[in-house]
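Right after this note come the structures.
Paired with chain B in one complex and with chain C in the other, chain A is shared by the two complexes that follow.
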Partner chain A sequence: MSAPALQKTYQVQHRDFGTAGEASADIKRMLRQLGVQSDILRRVSVAAYEAELNLVIHSLGGQLSLEVDTHHIQLSTSDTGPGIADLEAAMRAGFSTADDEARGMGFGAGMGLPNMKRNADAFDIQSTLGQGTQIAMTFNLS
Partner chain B sequence: MTIRDLADILGAKVLVGADRMDQPVISACCSDLMSDVLAFVTEKTVLLTGLTNMHVIRTAEILDLKCIIFARGKMPGEDVLQGAEELHLVVMMAPHTMFTCAGMLYEGGLRGAAMDWKLSSHGADA
Partner chain C sequence: MTVADLTTLIEGSLLTPPAGEARDVSCGYTCDLLSWVMAHGKPGMAWITVQTHLNVIAVASLAEMSCIILPEGIQMEGPPLDKAGQEDIAVIASPLAAYEICARMAAAGIPA
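And then the complex of A and B:
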């Protein structure tokens, strides 16, 4: 793939289930147009969707960013809180603090963070209770 | 097996994509939790669900799913059907519980989508 440099940031609002997923769908469409191969496209899309929904469900609002260069795709999130109380538990498959509203929308299976980690080639999460959470994911293109 | 075969087995009503029924089907999954679908489904499979909101369509878009079957006779809203049409999906409504739908399709020869999470003594590992 000979991808040009690309950077785009999406604002994600707290509890905005109506538009949740639109940023991820846009990311998928852009990467497809760039010619990203299908298995990588799928992994990035799933991770982006999980990240976007986590921002909607769990954060007070934040942003989802995409960066593409010749060798990597980077997805990152940053939010304004509230931070994760028990990061080790949050990374465990099946652990969820999602409420009934989120579950009613089809989320809260406790697979979001583990699924992001699983799909990315590199995954880093930093969280400070009372301040916020930052996630960085890298996907190798070659 | 094709999507048309699934419709025949279930006696399902086709809501969207009647002209796309001859696509091949290799597997299916059942869930009302889209985050489980996102985690466990790695194939371009058929999704059976009782959830009828737009997140079913967005999940289908993210995973390149081709067909959604709404179980329990649930009818999605116009926004969902329009979203499905824009993505060229096939959408059906089946007049059975999800368990019965799955059983009928399994009996007809369809199998579950592969699940490739590593399992340890405490369950699925990240």
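And then the complex of A and C:
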């Protein structure tokens, strides 16, 4: 396997709405500089944003990582809890446990995970209640 | 249609620096749920929303929208407005309701 051309990890804080979205914006900026085509750029941006905001809203904190090699872009998240009780339900469009504060800001449509799955070429989510959630997404280049 | 023309069309006022006025508006959309907007966002889009917090700018910027339209006299100020200026997203405040804004945009030929 070839060494990644680019690798970067962002720490995402629980409930930090002030900086929420900055990691995704940085990812988009870097990928554009690398010359990633606009359709892929748009799909990665949407997925990164949804993953980042889920870390802010639902997790106790975690990280969002980007890795780019010749053929793929990988986005992955890992957080420290609380985990998801029913993954099948969580993946369903419209399912949300967002609280009133988040809903008041326009989060909580229950579309974030479906948006990630639709935009990525490969999507995997693992979660253990009481431990945390990991998401891995792959986007094919060319 | 430019952001400046759109501002006039909806009797709005531009809250961000005039630099954004020349940008072309490609299409329109209205929704206050951010994940729906993320799913539908397009370059050049004019997005009508009542949300005025910082993350609205993040969504508009990631989607490369031309402008955000606040209906019913809603205002935006402080950090979100500063951020909008930095990200070249125009913010227009209109006294009209979202439905009326959509009707005028559609009549003027701005597609969905």
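One rule holds in what follows: the second predicted complex is superposed on the first by the 138 of 142 C-alpha atoms of A that agree within 3 Å, B and C clash if a C-alpha of one lies under 4 Å from a C-alpha of the other, contacts with A are read in each partner's own complex, and residues count from 1 in each chain.
Quick note on the criterion: a residue touches a chain if its C-beta (ideal position, glycine included) is under 8 Å from a C-beta of that chain, and two chains touch if they have at least 3 such contacts.
Here the structure is a predicted model, which means the values were calculated and not measured.
> Scan A:G106 for contacts with chain B and chain C and give back first, second, both or neither.
both
> Quick check on the superposed pair: does A:L31 touch chain B, chain C, both, or neither? Answer first, second, both or neither.
neither
> Look at A:A90 in the shared chain and tell me whether it touches chain B only, chain C only, both, or neither; answer first, second, both or neither.
neither
> By the touch definition at the top of the document, which applies to A:L64: first (chain B), second (chain C), both, or neither?
In the superposed model, A:L64 contacts neither chain B nor chain C.
> Given the touch rule stated above, what does A:K117 touch, chain B (first), chain C (second), both, or neither?
In the superposition, A:K117 contacts chain B only.
> Touch test for A:A20: chain B only (first), chain C only (second), both, or neither?
both
> Considering only the contact definition stated at the top, list the common interface residues of chain A for chain B and chain C.
17-18, 20-22, 24-25, 28, 42, 45-46, 49-50, 53, 105-112, 115, 118
> Show me the residue ranges of chain B that touch chain A in the complex, using the header's touch definition.
Per the stated touch rule, the residues are 32-36, 38-40, 51, 53-56, 58-59, 61-64, 117, 123-126.
> Under the stated contact criterion, what part of chain C meets chain A in this complex?
Residues of chain C touching chain A: 32-36, 38-39, 41, 49, 51, 53-56, 58-59, 61-63, 79.
> Where on chain A does chain C make contact in their complex?
17-18, 20-22, 24-25, 28, 42, 45-46, 49-50, 53, 105-112, 115, 118
> Quick one: which bits of chain A touch chain B in the complex? Just the residue numbers, please.
17-18, 20-22, 24-25, 28, 38, 42, 45-46, 49-50, 53, 91-94, 103, 105-115, 117-118
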